[in-house]
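Two complexes are shown next, each including chain A; its partner changes from chain B in the first to chain C in the second.
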Partner chain A sequence: MLSPSHLPLSATLRHDRSGLLMRASHVLVVVFVVAALVFAALGAALGDTFFLRLATEALILGGFALSVDILLGYTGLLSLGHALYFGFGAYVSALMLKQTPSFWLAMGVVLVAAAAFGFLTGLIANRVRGVYFALVTFGLAQVFAKVVYNTRALGASDGMIGIPIVPIELGVVTVMSNAPVAFFLFTLGFVTMLYAVSAYLLDTSFGRVLGALRANENRVPFLGYSTHRARLAIYVFASVVAALSGALYPMLRGFVSPELMFFAASGNAVITVVIGGVGTLVGALYGSVILTVLKSVIGTMTEHHLIVVGLIFMAVVIFLPKGLMGFVRPRVARLLDGGGR
Partner chain B sequence: MSVDVVLQVVVGGVLLGGLYALVAFGLSLIYGVVRILNFAHGTILAVVGVMASVMFASWQLSPVLIALILVPGVFVIGALFYRGLLRPLERRSPLEATIGTVLVTVGALLILSDVTAVLAGPMQRNILLRAPVIEVGDIIISITQLAILAAIVVLTLAIHVILKTTWFGLAVRAVTQEPVAAELCGARSLGIKTLTFGVGSATVAMAAVLYVLTFPVDPYMGFGLTVKAFTIIVVGGIGNLPGALIVGVLLGVAEGLVGLFWGPEWSPAISVVLLLLILVAFPAGFRWRRA
Partner chain C sequence: MTRSTTLLTLLAATTMLSVQALAADPIKIGVVTPLSGTYSPIGQQVRWGLELATKEVNAAGGIMGRQIELLFEDEEANPSVAVQKADKLFESQKVDFLTGTVNSGSTLAVGQTAERAGKLIATTVSFADSITGDKCSPNVFRVNARAGQQSAALAAWVAKQKPKAKVFFLGPDYEMGRSTVATFKRTIEGLGATSVGEVFAPLDNKDYTQYFGQLRQARPEVLYTSVAGNDTVRLLTQMQDFGLLGNLLVVGASGTVTSQNIGAIGSAANGFGTGVGYSVQIDNPQNKKFVADFKAAYNADPDLYGADSYGLIYFYKAAVEKAQSTETDKVRVAMRGLTWMTPQGEKTMRSEDHQAVQPMYVVQVREGKFNVVGDVAGSEAIGADECKRF
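Right, the complex of A and B next:
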């Protein structure tokens, strides 16, 4: 069902379809990384700052969208409030960096705090299914965003500014967060790492249980697995991925604001995944680049960008239901399959 | 704080809550029958409210006439929206259909709000009727408010009677309870779903004209209203009209009182907190014992 019917599938492809499709995703990530490296080289040669920083933001949002695809594409959970964890990561990182500008300490704290926070909120969110899950995740994000919005100590509606420039020690080299090319490359590596870890996790037997959850949740308990535990575990994992992506945001922009947790941010992540292709993992990265480019182009043309965003939502759902990668990936898989014989 | 200020706020809250309940009736009908959560539901109120106030300001039409023009229009648009954009998605796999309907209705919400803001301006508007006021002790109630209250009661009764006595109402209740069995008994789902989408949208349009007579509307207020309406039907029970009315009024009063005692920035949070609490306590949705 993942491939269009007019493409005849070979027997091998049908036999190990998901493995082959995942390999196709890996190939597409390599293509993505190569294109990004070319872009970085061009940017460095031309001495550009603006586009490199915009592209870095696209990567960070791509990491966030990746976490939404883990929930939506691999487990069938539509979260309308996942920006809560992205914003949580950004705020925790900002608070830590204002105390001590140490990258690894901040990331470590974000990792642990997001896991705990994702666990606690996941207990609430995972009590319900389907549309109710979408509503509860939306509500949770709304409540926390409201609290942040009204809390003076967290900067209230203004957010927090003045996050210092952070040195990122990577053994041999040290990347400064305000160096456009270096920080872009670092973010590229970081997001690729998030992709690799996620892809690995989803390929384990735990990942297969999640796939079964998406396909038919009622049958999974009969195979001896706890649906509740699996759902909670992947929810915590997705929260951590979102928070780690969010932790890079204040390093790039130097500020955080409550908008990072608002519905618009959560909705953007979902549409990023839908544009890129639900359940492809790599689609989140491509989708994020497409959406960032579209938004900055539209943003320069008209201030009423919501009309265009709304039209894009509808057009993608109606004309490209499987997203860009849902269209490209089976073709790459066929090429791989043909090359293997 | 004096008692009459509190009472005044309660009166306003009852009125607001009654209008929330009307919005929730429409959503309840649609969600019960079509099983699609229309995120653009509250936006219909925002858009129709803005249109009504523009029509009043430019042509001085009577609100009744405005309702007679706008409500059938919204009925047709609602039915066409379902038939043209949402119906085709129902053929996809359940997950894809859910994602699809959420994104299409959210897309409709964004487009409607922004187009309205471009055409009519993003500011708050309402219709100011010069109506005499009645003073009960220190509480002031205008004739307009009384008329709105009467209209809410009449509309609620009308919807109740339609659901209980007509063939359409019977079909709606049957499909809400058991879609497959209803179809086997001759309730054609496509026709009923289309009609329900139209009727549900028209209900909001009626609420919109009443709303704009006392409360201000702006193009972007719709989404919060959808969340409130959904809270009301989750708490009051899907397809339970009296329950929705009670919960709606309680929500309206609670918002008014929280705004008074705690600060107006917190009152929109009540419905979300209530929704969370109810869903956490009753994961399958709140069920009242059926009579």
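Right, the complex of A and C next:
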């Protein structure tokens, strides 16, 4: 029954399917960006500050959630301590900006430092698999958070305030980090870029190896790939994405505190990805906006907001097990497919 | 012609109406405080204290004829959440003033948010010296006693009880633990005591007996400790079991023995002394009335957080009435050097660092109860002004 001609055909089909889904993700990101631009225009027209800053924070956390999805959705690695890299980026950025308020220098240092830090901690975390990986990443984050919490030079438990407002030179324009509309637009562009780079990387043959890792790690070495190297590489990449997102946080809020590295932050990112849709990339952005807005609105209405968020999380897991984008994306893909024919 | 006149009259009338409406608009005070999680009992006291005072002030005609409206937001004792909520209250709700932050990280971060928004805040709980010290802000005021004041009051009392005492220090091994020990050590040595040793035990330490050899060998007359919660329970009960509590005066930070762990410590807590800014036993008419009203309203005793939060509303009222305005710059000037009445007696806002000067008290445990055993004048406990920003 198994004629050779079947193999390439089914392979192309599968490739098409994942390519189609990725294209659907791109469409959804375009929708997201358009909606964000409308929102920014509205905010600017109404002279709003609070909602624009809240949305900027949601985007920053969305970038962080994106890095969690790269690990969880594409490689099958559940990290319970990924806030370590988000906080690392925030602290490095804060320290740099306090020395010299230069945006590009700070981002450059965060990029290099996060890659090195992600590599070193990745060597430890990637020695184990499955539930042990979750535990080791959790432990790593706890250890570093405690060290920061007790280091007076880093502000200890009080964190650091006084991170200056930075000018971001973009060639033609300069964005000030305290200008609500401009910094929102900048963050939107930055996070979209993080998405684009991640999506591109995951679409290369390296990305296919990661998909294979998630599907059946034991089989991958038989195909001639090193699982260890691939896992470490994507871990470093995810660390850098998280750190670059974190680097924007002190520019927006003017401070950093050890709470940014705590488990609550790591857990929040996982919840964001699950609500948005694991393995969709774009879900991280939608999930982050939904969760941040929900928390802000419900938090004002009742002090039992954590119960409400918990119930929403449970409802999503039960009724939309693939998350919001896991539900929407295949429908968009079908539309695209129909349009193509 | 007639038409435009009518229009003008109408316009003038609406303007006047809106000006009048503005005068009668409530004064909004934002409260960013932990209402969920570990610190929620503190947030509860903050809320009760503020609400009780607000009720009283509103019943008596409000501030300059305007009622006070409190807007609560849960900060989860997390600076990131606190800053977001403060931003909402400042920018969206347009509050005139903000208070409630509990952990010092939140107070510092929200203070900076206030500075950037051009608003004023006050903390009624955070006691880290840095808030009105090296990290002071022209937009931040503190109406409660800081760690240095508690320490100074306790040291003055210890020096009176045991002049030139030999003191041993035992702290929890983290930043706050080490800094409280360092502060008390400096203060008591300045009053003539000698240090005979110090140890730092890990947080959540189960066995303190490993330090008892060192403690016994040093032959101290006074033991200062800044452990807290269940650590205090283990430390003091183990010391009692080993017979170390006789002839030793045990003193500590204000969070070492609290109403939450005093039951579990039992008789081992007897004789423990600490410096506080408030006690329900303070014997003055304002406090008696406050405690009675608080109990009647909430069926619970006020603690220092409730009392300081209650006093804050009267501080803000006095400042706004003095400034005849709610504008930031005018209120700030009015707050500086302001003297007002609180359950603890008279407080004065020091203009150099925005730290309230208040009488301090020393309480000692007897049979499961805190008794006021001494007081120290505000000027003696306040310490130097270390704020260099304004």
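The rule is short, and it goes like this: the second predicted complex is superposed on the first by the 325 of 341 C-alpha atoms of A that agree within 3 Å, B and C clash if a C-alpha of one lies under 4 Å from a C-alpha of the other, contacts with A are read in each partner's own complex, and residues count from 1 in each chain.
As a working rule, a residue touches a chain if its C-beta (ideal position, glycine included) is under 8 Å from a C-beta of that chain, and two chains touch if they have at least 3 such contacts.
Computed from a predicted model, the values in this text were never measured in an experiment.
*Asks:* Quick check on the chain A-based superposition: chain B and chain C, clash or fit?
*Replies:* clash
*Asks:* Does the superposition put A:Leu260 against chain B (first), chain C (second), both, or neither?
*Replies:* Second partner only.
*Asks:* Let me test your reading of the model: by the given contact rule, A:Ala247 touches which partner, first (chain B), second (chain C), both or neither?
*Replies:* In the superposition, A:Ala247 contacts neither chain B nor chain C.
*Asks:* On the superposed three-chain arrangement, identify whether chain B or chain C touches more chain A residues.
*Replies:* Result: the larger residue contact count on chain A belongs to B.
*Asks:* Where does A:Val317 make contact in the superposed view: on chain B (first), on chain C (second), on both, or on neither?
*Replies:* first
*Asks:* For A:Leu140, decide between first (touching chain B), second (touching chain C), both and neither.
*Replies:* first
*Asks:* Tell me the contact category for A:Leu306 with respect to chain B and chain C: first, second, both or neither.
*Replies:* So A:Leu306 meets both chain B and chain C here.
*Asks:* So, A:Asp158: does it touch chain B (first), chain C (second), both, or neither?
*Replies:* Only chain C is touched by A:Asp158; chain B is not.
*Asks:* For A:Leu188 in the superposed arrangement: first (chain B), second (chain C), both or neither?
*Replies:* neither
*Asks:* For A:Asn150, using the defined touch cut-off, is the partner it touches chain B, chain C, both, or neither? Pick first, second, both or neither.
*Replies:* Both partners.
*Asks:* By the touch definition at the top of the document, which applies to A:Leu54: first (chain B), second (chain C), both, or neither?
*Replies:* second
*Asks:* From the superposed pair, tell me which chain A residues show up as contacts to chain B and also as contacts to chain C.
*Replies:* Residues common to the chain A contacts of chain C and of chain B are 150, 304, 306, listed in rising order.
*Asks:* Please give the residue numbers of chain A that touch chain B in the complex, ascending.
*Replies:* That would be residues 1, 72, 76, 78, 80, 124, 127-132, 134-136, 138-140, 142-143, 146, 150, 214, 263, 267, 270-271, 274, 278, 304, 306-307, 309-314, 316-318, 321 of chain A.
*Asks:* What residues on chain C touch chain A, complex-wise?
*Replies:* Its residues touching chain A are 35-36, 40, 72-74, 78-81, 83-85, 87-88, 90-92, 103-105, 108-109, 111-113, 116, 128, 130, 135, 174-176.
*Asks:* Which chain B residues qualify as touching chain A in the complex?
*Replies:* 37, 85, 88-89, 92-93, 95-96, 98-100, 102-104, 106-111, 113-115, 117-118, 223, 227, 230, 234, 265-266, 268-269, 272-273, 275-276, 279-280, 283-285
*Asks:* Going by the contact rule set out above, which residues of chain A touch chain C in the complex?
*Replies:* Residues 48-51, 53-54, 57, 149-152, 156-159, 161-162, 178, 253-255, 257-260, 264, 296, 299-300, 303-306.
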